[in-house]
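Paired with chain B in one complex and with chain C in the other, chain A is shared by the two complexes that follow.
For the complex of A and B:
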């Protein structure tokens, strides 16, 4: 094969089509076009729209990975069409030389590759994704807010988010329940929470710990893995949880109680006491209602976790407990110093 | 004989005992010896790190330090233990202050975290250390009649910054192992997706929706069984299967095997020996 042949290739774009005014359900149209190496998926889509089929609809603007408009699923993964090279995608095709292009998931489908972004904006409002200044309006302009470098580092990466919604499209829990807060919103919430200029931290946090909030994340890390800006989104989610426990204690939500149970058990036995985890997380009523039918099957199969007295502590537990407690006093000392 | 410090996961000690039981049956067949670390303490199960990051570091520095004391790599059969202990190791290796702080405490029992032992999954040991050719040569009962749906689970793939063996978007190690054992692997969308385990007690309905989607696709693709390297995924996909599928109005069912059971089957052990009868779906 000659070298120039590699620079130009016929590639098929299998594009999901759907016009709710005429179509009962979505279908795929294949567009085979000559593509030069170095071309992005967005440029290929523009070519299709201009030269082949003007009815193909998608959203795009800056063509430089800044505006976040052209989020879509390319070969099954949510990403920006404008920063995705056709040549890179050719290696990932399930059918050779056929690149599948679909709209983002988990948001209402409007047409072809376009989804409705309003639910994201609505959630940003619900979770107060902005800074409300601690400074009264009348004092504004008289004094500046100084932000330490240390503080800035806390949200430096989060500010890279361009709200492209790729993380929302990949989120396991949002797929299971559209009411879920969603990763982009948690990222923004944490960014605002750790901002020292912000005065509505408690209000935001109170919303975040409710149902469909921060405790519903199932730690699948798909948001983080597909983030087009490589933002460690899970750090923000863990950050909110850490703050929630430190500030609100562990009693007010099942997620916090669940997390705290690990700490208790490790301190006591070095092992998780699984048998009582459901009761400690959700109370006795919930456990009986939700787990009793299963518990019966599990007993029949001898799969039930042992009752607490029978959970054997780890070897060397006495020394371990001393170490664990020493860390506890150190942490307490640190917190005291910090408050001073 | 290749030796490893075997980390005892809480779930394999309590609910999914068949994982370690199968592993013990066949370890020597593949020239492996897993030295059980009875000093293992719970890794914190992707919870302790935000309850108390300092305790999280201490607990896992200790776990790894025991492996280091033996001069062996730490190996686990649980994805979440893998991610959790590797995350702690990353923090310890990147922060001399944190290392000094936990070592000042660990000194009490004559331990020191140095960072010399790797933290690895059983699947990685099989593919990298034993090798697929060697495994192929040891197979007694090829799984040739089975179409097998690999279910990797999240915490052996993501975040790739902490794990980084398989391509998280297109993992292949478990597929390769299935083929080496003579089975046919099924390519399906959910193989690298989530089982929903970590929110089972907090958002059960959502968790079961997540699990049902994966189970449904494996059933649709006509897999004979699902195999997973993670006992937590197994707990949802097997233990909660009927509940999840009922919620999704699906009437079929599908068995789910642990990695160590699948290897045991191909090495000639019986389902009874391997504890497969203990599963909820059989």
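For the complex of A and C:
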């Protein structure tokens, strides 16, 4: 008989507990169990539930990284428990051999490691996260659409999304504003927007540029960093913004005007002219009404940006601009040739 | 609550297609989907390969008839030929329909839907989206159901089917969020709850919740189950989790190695070696382990799948998913070390007895997908036909229920019936007389099924299995639910899933014991050949006075005569 001995170690799982029927606020329970090398955090939690404390509650289903049920925060980072090796986490523990397990953030807490996913589903509906086919229902099934490899590639990676909500848990905007559209929804929206079978692009776009929509993202890239399927979520967010400006013009929303003002400053000076930014984004009236009190406070604390005439262009910006323009036009040319 | 016209139980591919089609058939109907998980989590998402359809995009000479023949031959002639006809002739339409509503099928150079070859198919007709076909189909269907405004009751666990004589009145289900037991009066009910292969527990590739809830509920309500003994085993499951290592690993040149360092497949399939048919490779690995040439580990015995000789470059470029899985779930990098594997239960051919319209023998009750047995897979399912089945028959069941809902009046579900169910649930939480741990029972069920009603079966072993299941059922009466809270009681849910698995395990063992022949996935070492004279028929299992009672049903034949199944 071949012997195969595995490395074993005692590991403590510090699990956030909360039962709304009895607890006023969440607390942590420590479970120390023997763990064999090669075991995932989910299998460790299953062991705790089956052998130590059956009241520990969490969702899990496929256990193979495709259903997205077991999203949770492990040592502070949102990820899937089923694809996370205990041994890898041991290197990231703040307290040696203690792995902290908490529910996802930014969604209503139900119990222990379980959060309410309904807000995500509601947003899928709000932003029409589906293809509304250009083909009438009566004709369906008769023939297929012809779709180019290039088009398929545009949404191939986006369709990897398993709606595990890790990105939503890490999103810094959602943390401040629960009404914010959220990264996963933007990803799906863009995936639908670039699909030639879809006929409600304009309707979806009109919703995306409203308040709490695509312009609220601050480019912190946490969603993309944390995505368990390594999807470039920010590409989708930028994609929506570029389309919004291209199709709806920069005067359409304050977000678009804000982006345009940024571009203008960077192109001209290589740095921001902050003092006039609010006026250019939201107009004079809005600025006076909403920002004057804050401006006053800033003056009192000596935190005002330099007045516009004092913002000097960065050294070499002209040369940089020339090279940049040259480069962009070359890329565009090459893309055109490639498509041919 | 107002009565529903249709309640679909289960939100996977079959359930969502049924709901979508029912709304299309009659938009004025009041339709609900009940699912114990968010529908987008369903196990449909785990299907990687694809769905078969004779579109003729890749092989211009492919025909529906060839697909039908491959399906019937693959089934070892146990499939009903009228059902196989429906499956294959509807296939091209359903694949195009999914394309029309947004499924991202992979494409060929001429921009048509791509197709690839698959085991047991005479032509390359498997339509796919990279290696995430099931996932993208499930997403598409969920999106479309949201678009159409299908009413979802997410995280509801169905407990029983309420009946009156030979007709169904609706369902009793528990809201997991509140623990409340609620009645759903319904003119029609469609069971689409997926397979039951998780009863093999750690020897299964299935999701934790594939406990055959719909089949168990239907069975206890008196609806017969068909061909339950047929469970397909995949040769290469990971040792610790049972998760699948796809055939690609062997396709690229991986070796199967025993403790003596031998490529043992030369004894079983000297020409095809590791690439022999699935059932043969599974039986070979099992033989090596049974004869003492397997490796030992705390998680059980196993065989090595060695890829190290392929080199880091090939593994990284062609088998990235397999490498990722081995590292995630076994902590093993196949570039450095062999992958520990053993055969794993992964598909249930049997299920709720239905006709080709999705009707069960009970009025108002329908079933579709892996939960049902029409039967299109017979004794052995062909790769690429499972996704196809859930789509085709999900749609048909949705259509039939929508057409027929008007015929049935929703009966009343009495307060006392609901209270009886509530009482039953509370019983598990009582400390006195309740001390068994469900985790232990569940584990033991998997072990005895794998050993006695697994790949190799024989009368004495199955008798042992039946006795073990009986013993486990007696111990289950003393099982304790330690979590007494109403909110999201996963402890209670898992106990109820175990109850379903135990009831179904009895039907699997009963069918396996009765069927004295070897056919498709069912191998009896004491009856090693197919016996068409006595056993070319379906088994039916009915619940009578707490016992599994076996009956039979003829196979519907058509233009294809019985032949020996050779490849």
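Going forward, the second predicted complex is superposed on the first by the 274 of 340 C-alpha atoms of A that agree within 3 Å, B and C clash if a C-alpha of one lies under 4 Å from a C-alpha of the other, contacts with A are read in each partner's own complex, and residues count from 1 in each chain.
The working rule: a contact is a pair of C-beta atoms (placed from the backbone, for glycine too) under 8 Å apart; a residue touches a chain by one contact, two chains touch by 3 or more.
Small disclaimer: the values here were computed from a predicted structure and weren't measured.
Student: Does chain B (first) or chain C (second) touch A:16, or do both, or does neither?
Tutor: So A:16 meets neither chain B nor chain C here.
Student: Could you say whether A:58 touches chain B, chain C, both of them, or neither, answering first, second, both or neither?
Tutor: Once the two structures are laid over each other on A, A:58 reaches chain C alone.
Student: Quick check on the superposed pair: does A:92 touch chain B, chain C, both, or neither? Answer first, second, both or neither.
Tutor: Touch partner of A:92: chain B, not chain C.
Student: Tell me which partner A:143 touches in the superposition: chain B (first), chain C (second), both or neither.
Tutor: second
Student: Applying the document's definition of touch, where does A:33 land relative to chain B and chain C: first, second, both, or neither?
Tutor: neither
Student: Please work out whether A:117 is in contact with chain B alone, chain C alone, both, or neither, and reply first, second, both or neither.
Tutor: It touches chain C, and chain B stays clear.
Student: With both complexes superposed on chain A, which partner does A:224 reach: first (chain B), second (chain C), both or neither?
Tutor: A:224 contacts chain B only, not chain C.
Student: Can you give me the overlap between the chain B contact set and the chain C contact set on chain A?
Tutor: No residue sits in both footprints.
Student: Given the complex with chain C, which residues does chain A contribute to the contact?
Tutor: 1-4, 6, 19-22, 36-40, 43, 49-51, 53-55, 57-69, 82-85, 87, 110-112, 114, 117-118, 121, 124-125, 128-133, 135, 137, 139-149, 152, 155-156, 159-160, 162-163, 192, 195, 197-198
Student: What residues on chain A touch chain B, complex-wise?
Tutor: So the residues of chain A touching chain B come out as 76-77, 92, 94, 172-173, 175-177, 180, 212, 215-222, 224-225, 232, 234, 238-239, 241-242, 245, 254-255, 258-260, 262-263, 265-266, 270-272, 274-275, 277-278, 281-282, 290, 294, 297-298, 301-306, 311-312, 314-316, 319-320, 322-324, 326-328, 330-331.
Student: Looking at the complex, which residues from chain C come into contact with chain A?
Tutor: 24, 37-38, 40-43, 45-46, 55, 93-97, 99-102, 104-107, 109-113, 129-130, 132, 135-136, 139-140, 143-144, 146-147, 154, 177, 207-209, 240-241, 243, 259, 292, 294-298, 325, 327-332, 340, 437-440, 481-483, 485-491
Student: Report the residues of chain B in contact with chain A in the complex, numbered from low to high.
Tutor: Touching chain A: residues 10-11, 13-16, 38-42, 44-55, 58-59, 62, 101-102, 105-106, 108-109, 154-155, 157-161, 168-170, 187, 189, 193-194, 196-199, 201-207, 209-210, 213, 239-240, 243, 277-280 of chain B.
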